[in-house]
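Two complexes are shown next, each including chain A; its partner changes from chain B in the first to chain C in the second.
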Partner chain A sequence: MRRSRRRGDDAQAVLETALVIPILLFLICNFIAVMVQVTVQQQLNSATALAAQSRFQAPESAVDPAGTRCCGAHGVTLVTAGLPTGCRYAAETFYGTMITYTGLLRWQAATLCTSGGDSGNETNPRLDPVAYPGSPAHAEVSCDIGSVKAGGAVVPGYVDRTLDPPSGLDVVTCSAAASLDFANTPLAWGVFWTPTLHAQAEALPPPFRQ
Partner chain B sequence: MGGDDEGVVRLRRARRQRRGQAMVEFAVVLPLFLFCLIGALDAGLWAVQSSAEVSAVEQAAMIASSAGSSPLSETAPDARAVTAAISGRLRSAMFGTSIETWCATDASGDCAPDSTQHCPTTPAEVQAADGPRVVVVCVSESDPPACTTPPPGQAAPYPPGCDDSPMITVRVIGFVASLVPPGFGPGASGFELPTDISATTHTLRFAP
Partner chain C sequence: MQQGARGWTRWRGDSPVRCSACSLPSSRKQIVALTRSLSNSRRPGLSPLQRVQTHQRGQTLIVFALGFALFLFSLVCLVADSAYLYVWSGRVQDAAQLSAQSGADSVDPRFLYNETGTCSTGVCAVQIVDISAQDRQGTLYAFQRSCIQSGDQSAQIPRDPDSSVVLKTADDAQTPEGTRCASDGCRVYAEVTRVVHLPIPLPGFPDIVTVRSSGYAAPVVGTDVATSACTGTAWVPGPPPR
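Right after this comes the complex of A and B.
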């Protein structure tokens, strides 16, 4: 009688442990995953913001000559010949900044360089930007920029009508998106979700730009 | 009477066994509980520190890329000035971690980033040079290749990218302090957390 009660107590303890330990590990894995997600999101925000600023580090009308390539990071090579130099600067900045956690990220391919686009408002329809001719379509960052054509015609950047209504301001916008995949990490044991991270940044042209 | 004594002894033995069992359970659960508690606190601390580092390197990259000594300058400021500009932000988040400048001073004693400045590539390199619980701020500059006369059939500027503005990289790298005191972690100097955050951008050229 006493032995069977003791056996019952032992079995209960083993059962409790068997229930509690997986739950505890599950919570720890997800806690760490959330921390990693927050950090990666911040890095993505930072890389995108610097990329948008970088567009203005190049002379406004400069165009990449034949044979120009960038970026090298993550094994990505982008041919930027014929595109505004600021577009390559933006890409180099993005790839140079986003160097950690890249093994966890599954990038969503984007067109490196686009132009035009309008945020829209009550009186103006929203317009999607269009890809620059010859712009690589497999980039990890996409920047909507303004430029000057060979004939001198100004190609506007993205018009954000929330900045200066109702006419809006021409700004550079850069965006990037990736999903965070824990499948190849020990966290995969308890993390069953794959969050998608988005980052978008706008930059205004500085007044004393070359 | 003898039966009552035997019963009392059995009761006492059972109580002692229960106490012993509770002690064993406590001894097993306590380290696990402390591990989880300190781990969770450390993970939170790490997230706060990483967040501060990301925003600090972004700020540093902008300072370094746009704050040349003159409007025509293409050179980034002294690495120590960049470190001083962001160390306040880093210190408020990185308890128990020293923030230092990584620089090789030139002949004039300046710490200007140039092509000879090589940042450490791993946190271990920082630990070997500066000791444990040290994070360094490294500012390096990468200049484009010199322009040359283009070969027949090639357009100037040649080689492509030779007239680019230099690229500035700011890197915050090292080991940050954790809540586990020195001597209790797996490493020789405690359970420190490696960190390596960087930001790269082109320098700004002002219109002459």
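Right after this comes the complex of A and C.
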């Protein structure tokens, strides 16, 4: 009788363990996934902000010569010949900053260099930016920047009318979006969500460029 | 029945009764009678000693449950607050680096080249960062304006502490949280301070923590050959606090 009671206790312990362990593993997987998501979001914010800022490290009128390619990170090759050098600087900064967890990211393709967006206000309509001629359309980051052509013609950047209203200020914006996919990781066992991460940053030009 | 310091203690109901004159039951008859009398108490089948142990076990269970709940709650608070602070310290560090870089990018190359152009000795002790009145707006130098603006926006420093919708700009007061930028003429120093409200503050501990970080950045000179040497002696608006 004592032996059967002990056997019953053992069975109960096994059953309890079998119930508790999956729940614990599920919780652990989701904790790790949240931690990864926070880290990637932070990295994405930094990368876009630094990309927008790095545009100002190139002269306004500098243009990439023929044959220029950029980035090279995780197999990405973007042809930037004929585009503003500042745009390539932005892309290189972005790809150079996004170095961890890149295998988990499914990027939303974007046009690398655009110009002419407008945030809009009561009197001015909101405008979407347009792509620079020849700009790669499968980049992971998109930067809206202004430049000066060889003849002196000014290509407008993004006008943010919340700054210096109502005329606004010509700023540089960079944005990127990607979904975090855990499908090819062991976390897929307990993580059933695929968050989409967005980041957008704006950099004000220095006074001598305004 | 149990032995006390002196004599014997008998149980009447739940109350012990000390009986100094009592003696140990000696015969089998007495033991059986005593056992029966004890068995007729409110919880038949349990001896008084067992009943006391059972009550103590219940008390221990309650104390353990309360203590463990308190411990778990503290642990959750600690983990949540630590994670929150970790995230914010990273953000503030990024903001400090970005704001320093932004300040360094505000160097006007024309100003720089003009200064180096007037030097005749080959090595000029000029300021790389524009700390003259040129491009100065209000009380802020050109590099400060860009630096503060970037720091405030990147660290998401709210203009109103009760609402995080509108962020601070360079024209707002940078206390108690905000961005402080200075330059020694060679590089830009930025210090970003952010007041973080803990999500689950531990009872008895402050619910506000100030996170601070700093960054340095040098401007892009833009020449192939170094034509100037920066002395780095003139701090504007003042030397860094540490």
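Annotations for the structure displayed:
FYI, the second predicted complex is superposed on the first by the 191 of 210 C-alpha atoms of A that agree within 3 Å, B and C clash if a C-alpha of one lies under 4 Å from a C-alpha of the other, contacts with A are read in each partner's own complex, and residues count from 1 in each chain.
As a working rule, a residue touches a chain if its C-beta (ideal position, glycine included) is under 8 Å from a C-beta of that chain, and two chains touch if they have at least 3 such contacts.
Source: prediction; values computed, not measured.
With both complexes brought onto chain A, simultaneous placement of chain B and chain C is prevented by a clash.
In the superposition on chain A, contact of A:109 is made with neither chain B nor chain C. Of the two partner chains, both chain B and chain C are touched by A:56.
Touched residues of chain A were counted for both chain B and chain C, and B has more of them. By the touch criterion defined above, A:93 reaches chain B but does not reach chain C. Judged by the touch definition given at the top, the superposed model places A:202 against chain C, while chain B stays out of reach. After overlaying the two complexes on the shared chain, residue contacts for A:188 are found with neither chain B nor chain C.
By the touch criterion stated above, A:11 is placed in contact with neither chain B nor chain C. Overlay on chain A, chain B versus chain C, candidates 61-69, 97-105, 115-123 or 151-159: the clashing stretch is 61-69.
Shared interface residues of chain A (contacting chain B in one complex, chain C in the other): 35, 38, 42, 46, 49-50, 53, 56-57, 59, 206, 208. Of all residues in chain A, those touching chain B in their complex are 13, 24, 28, 31-32, 35, 38-39, 42-43, 46-47, 49-50, 53-54, 56-59, 64-69, 81, 85, 89, 92-93, 96-97, 99-100, 206, 208-210. Interface residues of chain C, counted against chain A in their complex, comprise 83, 87, 90-91, 94, 98, 101-102, 105-111, 135, 137, 142, 145-146, 149-150, 153-154, 220. Considering their complex, residues 35, 38, 42, 45-46, 49-50, 53, 56-57, 59, 201-204, 206-208 of chain A touch chain C. On the chain B side of its complex with chain A, the touching residues are 25, 32, 36, 39-40, 43-44, 46-47, 50-51, 54-55, 57-58, 61-62, 65, 71, 154-161, 164-165, 167, 169, 196-208.
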